[in-house]
Amino acid sequence: MSYTRPLDLKHGRVDLSHGSGGRAMAQLIHDLFVRHFDNDYLRAQNDGACFPLPAGTGRMVMATDSHVVSPLFFPGGDIGCLSVHGTINDVAMAGGKPLYLAAGFILEEGFPLADLQRIVVSMAEAAREADVPIVTGDTKVVEQGKGDGVFITTTGIGVVPDGILLDPRRIQPGDRILVSGYLGDHGVAIMSLRENLSFDTAIKSDTAAIHGLAADMLAAVPGLRALRDPTRGGLAAVLNEFASAAGCGIVIREKAVPVRDEVAAACELLGLDPLYVANEGKLVAVCPAEDAEHLLDVMRSHPQGRDAAIIGEAIVDPNGFVQMETTFGGRRMVDWLTGEQLPRIC
Amino acid sequence: MSYTRPLDLKHGRVDLSHGSGGRAMAQLIHDLFVRHFDNDYLRAQNDGACFPLPAGTGRMVMATDSHVVSPLFFPGGDIGCLSVHGTINDVAMAGGKPLYLAAGFILEEGFPLADLQRIVVSMAEAAREADVPIVTGDTKVVEQGKGDGVFITTTGIGVVPDGILLDPRRIQPGDRILVSGYLGDHGVAIMSLRENLSFDTAIKSDTAAIHGLAADMLAAVPGLRALRDPTRGGLAAVLNEFASAAGCGIVIREKAVPVRDEVAAACELLGLDPLYVANEGKLVAVCPAEDAEHLLDVMRSHPQGRDAAIIGEAIVDPNGFVQMETTFGGRRMVDWLTGEQLPRIC
Amino acid sequence: MKYIDEFRDGDIARKLAATLATEVQPGRSYRLMEFCGGHTHAISRYGLLDLLPPGVQMIHGPGCPVCVLPIGRIDSAIELARDKGVILCTYADTLRVPASGGLSLMRAKAQGADVRMVYSCDDALRIAREHPDREVVFFGIGFETTTPMTAVVIQQAAALGLTNFSVFCNHVLTPAAMVHIMESEGDPSRVALDGFVGPAHVSTVIGYGPYEGFAQHYRKPVVIAGFEPLDVLQSILMLVRQINEGRAIVENEFTRAVTREGNRKAQARVAEVFELRECFDWRGLGEVPDSALRIRAEYATYDAERRYGMAYRQVPDPKACECAAILRGHKHPRDCKVFGTVCTPDHPIGACMVSSEGACAAHYTYGRFKEIPLRAEVSA
Amino acid sequence: MKYIDEFRDGDIARKLAATLATEVQPGRSYRLMEFCGGHTHAISRYGLLDLLPPGVQMIHGPGCPVCVLPIGRIDSAIELARDKGVILCTYADTLRVPASGGLSLMRAKAQGADVRMVYSCDDALRIAREHPDREVVFFGIGFETTTPMTAVVIQQAAALGLTNFSVFCNHVLTPAAMVHIMESEGDPSRVALDGFVGPAHVSTVIGYGPYEGFAQHYRKPVVIAGFEPLDVLQSILMLVRQINEGRAIVENEFTRAVTREGNRKAQARVAEVFELRECFDWRGLGEVPDSALRIRAEYATYDAERRYGMAYRQVPDPKACECAAILRGHKHPRDCKVFGTVCTPDHPIGACMVSSEGACAAHYTYGRFKEIPLRAEVSA
Amino acid sequence: MCLAIPARVVELLADDRARIELSGVQKEVSLALVEDVAVGDYVIVHVGFAIGRLDPEEAALTLATFAELDAAMAGERLLTPPLA
Amino acid sequence: MCLAIPARVVELLADDRARIELSGVQKEVSLALVEDVAVGDYVIVHVGFAIGRLDPEEAALTLATFAELDAAMAGERLLTPPLA
């Protein structure tokens, strides 16, 4: 009586029984999620994961992101690895060493199990590469037409080393603004697949876990003021968040902002501004002026920060405006994104 | 320049701009989520929440659940409080004292902001009542027809007191099985609203955070083997999970299982079995035989365990079958739920 | 629950069982077929077999309307939903019945077919009215209990002049199936049946009169029994007594709901809308003459088979599946090689593994633990 | 990006600015209107104002096709999508334009209207072919640049014999608007304009010939300029020179794309499909004679206004909104009392706050920091 | 599939429908298949239709035969199954 | 809204369409509004249509006038804006 018919991962589809709390659901979880994510926490088959903390842990960080990207598969990645990277990065941006992930899946009835497997394998690889296991999860199935294939919500927790205090409210006039590399790759990779926009480009999403880079930076410059990954809303959103939290202004130099030619061209074609385009493997950092060059060196010596640049500085401006010196020689504001740029990019 | 037009919480609807990383999204988060969830972690407006841990924390637990219940509002609750209770309970079922929650929202374009506010207020109340703040979150908007109003994924973390080791693999023949009260209320409350089934009943969902009850139980009987909340798949699913994890059998007595008359009647009308119907404020506990009566007393002296009962025991059975002595005097299996019972109950 | 709980009383059950034990003649075997899935379900769910004395053996009959639906009929339903783009409304029981090519209505739904679970055929009619731009087909299955309401909605659709509603009629007849079972008695592989626990709600509708000829002709006692476990136990006692006394008549245990005539109004509705089908293919039983209904010519526009020019294609059951023998009472689920391994309720091979009233599913879900003796039990 | 980057060169910009500074006559004021939103956008995005010497003042004109769409036209588009159940295809720019009752196309979409953002009117045609069961309307807006492709898709729809596609035509004409601006010169509240930075791509299509009469009649210099910032700077220099020299002719800075004749093929397509509308209501400008196009009778079946019997209802602009004065160059966005408070790009009151080419949005998004002097800046 | 349950009629509704009750749960059913149903009657409900009436006297009789069992158990067989 | 950009034609396609390129990004556009376009030509692209051709010689001339600026800056004014 021990034989169980395996999941049909070739032609099978998610159906409502996969979400109803019966054996079909247990099998899906076991044969797909537990098998690929593969760790003791999941194997314990509890509704939550219980784990020891590194000795001396005083502070932790928790971050969550729901992922609804469309299309699910895109050049450079898919919703699976994106959902792992996105949350790991949020933990890292708070100064945390990411330890564990939780994943909640909302599957649409009819979604091909083969696609689900691709996504799960991609998540598992991303988690393994980042050395952050997915230790607990949840699966729900919604009727066809009530979802969009698969949505994945990941939550991560991490420990924050003593002495680290990342908080944009600490940014002061004179502080330097750095970015870790070329901006806009993720957003452009997604847009290139949109039915109404479709264009051909070699641009791939930059989706990546950058906690290693962040850790190097924090080790080198523990006095870092703030870190953030410029995802939805792009660099512009992060700078505005920083400026309004800090109650000071920010000036960046357009010339210093790293943007690939292809990204600039795609934006030109679509009438978009690369400053507003999403990234999934970059960070924006703020540090005291005196640490900036050292920080830049540290970043550039990490593969994920090779193209890092100092792009500007904080200034006194109680309005919290973000300005940019244009390549052209003028100065203008870089405001928040207004209305939709493009939906469903992460 | 400080004036901002308030959200139209009366007639407004979610539109795509609320998910695009611009000011509209920032406003939604600030005016709705931050305002009602109201804590310093959220006010810091980071992408993750950073918090100190109670001194001497050695082990933690993390649990996550995506909530897709339909309808969103039901007798006794709504998706908002459900999403808080459901995850707090999973943390508590692992022996954890729940500390913090994260919440990921997937909103469907067109969803009325007034309904969203009701849900958020309900979450906030539930979190406050349970004393477990929602410290970080995420918001996505999907196009109309790609979601179903609102999905909420909550993740909770908690600390596990030393000496507590809840693991169904520790269940041994002879151990007693207890439930904390009447079964099936949540599932029946949801079903009563389903278009195809609609019936009238005074039954309300039992949705509640039961970490207080769990804490009392653990304090009284630290040797508790396992705790679990019988949600999707009902009591039957939990017993089968326990039995298969422990590698032993379970026998329960039908007569001892608390089921309200109305729930029994609704099940009779629909041809369902209350053992498979979902609960959202109940727990199943397993303890050594010698602790059972004391545990029952402790449960009954807590308002959420007033109707607790010892319903059966673990037996030697390497097949891991769950059996039931029927009120009628026979014995039968209580197997996993097969196929769909009813979808979207949590 | 009045008129329900009283008939599930464990104390009375024990007394009835004791009486039965005293009346059963030592060494004699009583092979009783419960025709209905409802009885099969009650026997399994309440663990009723534990109360029967040795010698009394219950054999599951073909009275589960889901189990007897042949593959070809499910294929047709899927075709309607998937290829003709209709909204197919169906009772939940049929969703997982295996069809050709590894499909089922549930899987067809996951592939995009518009299959909707309804609690009542009423709901199918409502859906048709709510979607005037769509064709709505109700997948009508069931025995005499479930036929009258299909007749009602067809007449309502006609009264409303609905043009987008039809019924894929698969309603089958109990007495014909019982006769068929007896006619296969000649089969050398089988042991004779000694009596029948007769249908409960089928009889509410058709009365117990229709079984009298059967009892007389085949000289087999029939006791009409309710679906509550005490009803079943009592009817077994009544059968044992008939057998002991050499009687073979129709007795009615379910007097609170069944009369000799049954529900005349329901019968009239059925007669107005349906007529006898010369022949119908039953899963397990094969072609059974005069065993099913079709929609009368007056209501042709509500007949999905005519409307969509559906032709029935017989599809052989999977080779390993013993449903045919099980439905005739020749074999027990445990005799099927794939029972509980390849064939489970989650991945049914035969239809008997689908509905909890199916012999295989009932045994799997409620009874299979008995086949595996417990080694040591810690006392309560 | 070839032919793009060269025209954004900061070094050349500085030199051009220096030249301009030397040529501007001290004490003299040069009030130049950039007619096009494209120029407004370039000026704001590149911070071009920082390079202009005192005395040169840029005034935003009405050349943002989104900004001049009157409320009544947006109301009609919403009505089509919401009440007539059509798929309304539109360029993204129109989605947030305020309509009556606090609505916009984006909000109507959130209420369930089937509004789809397209990148090209081609996509609208494709959607119509993909949904033969639905009516698809393309919301055609724009100046001469954007009109020819609408003509093309209407002719393609006709060639394909599509019966479910039509165009809600709101295409407007540049020269008529320029004339209208000059005709309102009599307004005592306004300061005279000294010259015009003339349209870029509108001129690619219509050529620069059509402005010659204007320059001559009103004795105002016009310099056709590309949308790159060096083009704008250069055209300003050219205007300053004309003004200094007392000339008032049409000059062409954008020679790499614009000829005197323009694109004859595009003009022919437009002429085949469209004809002059006697009168069209512009937001801000009001009724402007001969300032817009409508679909010719030959293509009547593709004309959404005829197909759905749409009647235009004029709706007054919100009281507080100064768009009308701003579009005419009489006022600056900062002169509007609700600028940046009640009216922001996220909650626009007037259409000028919607598109980044709108005077108010451009000033809000790119320029408003200048109104608030920085107190102390830490040097880089 | 043929499962049907007895429930009490608590209200007659328009269109040949009624509201029935079972232990605090109420539901609307069709009366199209039964005749002369009154409030207080018990009907047998199957997939949203009353398919027959429950006869309280007969139910009492059946229960009475069960009650006889005690006597029967004592020795002599009193129970005569009712032949309707 | 009237924004349009110059891009190089890299391939002529069926149905009066072409593939254009801009710094490594390629896209299909319609040629329905322009005549005699060849591979290598620069066209001006607006909402998926080529609306005109970019004249490389004229572009070079314009750029040349910018180059003259250095001289102009030196003192005398050499720059004559081109009147097409």
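In this document, chain identifiers A, B, C, D, E and F correspond to the written order of the chains, with residue numbering beginning at 1 in each.
Here is the rule we use: a residue touches a chain if its C-beta (ideal position, glycine included) is under 8 Å from a C-beta of that chain, and two chains touch if they have at least 3 such contacts.
Note that the structure is a prediction, hence the values are computed from the model and not measured.
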| item | value |
| --- | --- |
| Length of the shortest touching-chain route, chain B through to chain F | 2 |
| Chain pair, most C-beta pairs within the contact cut-off | A-B |
| Of all other chains, the one whose Cα centre sits farthest from chain D | E |
| Residue-number overlap at the chain A/chain B interface, same or different (half cut) | same |
| Chain whose Cα centroid lies at the greatest distance from that of chain A | E |
| Duplicate of the A-C contact set - from B-C, A-D or B-D, the pair where over half of the pairs recur | B-D |
| For chain D paired with chain F, centre-to-centre distance based on mean C-alpha positions, whole Å | 21 |
| Separation of mean Cα positions, chain E and chain D [Å, integer] | 77 |
| Distance from the mean Cα position of chain C to that of chain B, given in whole angstrom | 38 |
| Two or more partner chains touched - positions in chain F | 3, 5, 22-23 |
| Chain B: positions in contact with at least two other chains | 1, 16-17, 22-24, 261, 264-265, 268, 319, 338-340 |
| Set of chain D residues in contact with two or more other chains | 1, 4, 9, 96, 106, 119-120, 123, 346, 368, 372 |
| Chain-chain contacts as defined at top | A-B, A-C, A-D, A-F, B-C, B-D, B-E, C-E, D-F |
| Contact footprint of chain C on chain B as seen in their complex | 173-174, 195-197, 249, 251, 255, 261, 264-265, 268, 270, 273, 313-319, 321, 323-333, 335, 338-340 |
| Parts of chain B lying in touch with chain A, wherever the complex brings them together | 1, 16-17, 19-26, 44-53, 57-68, 70, 90-91, 93-96, 100, 102-106, 135-143, 145-148, 151, 153, 155-157, 160, 166-169, 228-229, 231-234, 237, 241, 245, 276, 278, 319, 336-344, 346 |
| Chain F - residues contacting chain A, complex | 3, 5, 7, 22-27, 45 |
| Parts of chain D lying in touch with chain F, wherever the complex brings them together | 1-4, 6, 9, 12, 15-16, 18-19, 23, 36-38, 41, 63-66, 91, 93, 119-123, 141-143, 145-146, 148-149, 152, 199-202, 204-205, 208, 227, 230, 234, 237-238, 241, 251-253, 255-260, 263, 265-266, 269, 355, 357 |
| Contact set on chain A toward chain F in their complex | 198-202, 261-262, 264-266, 268-269, 271 |
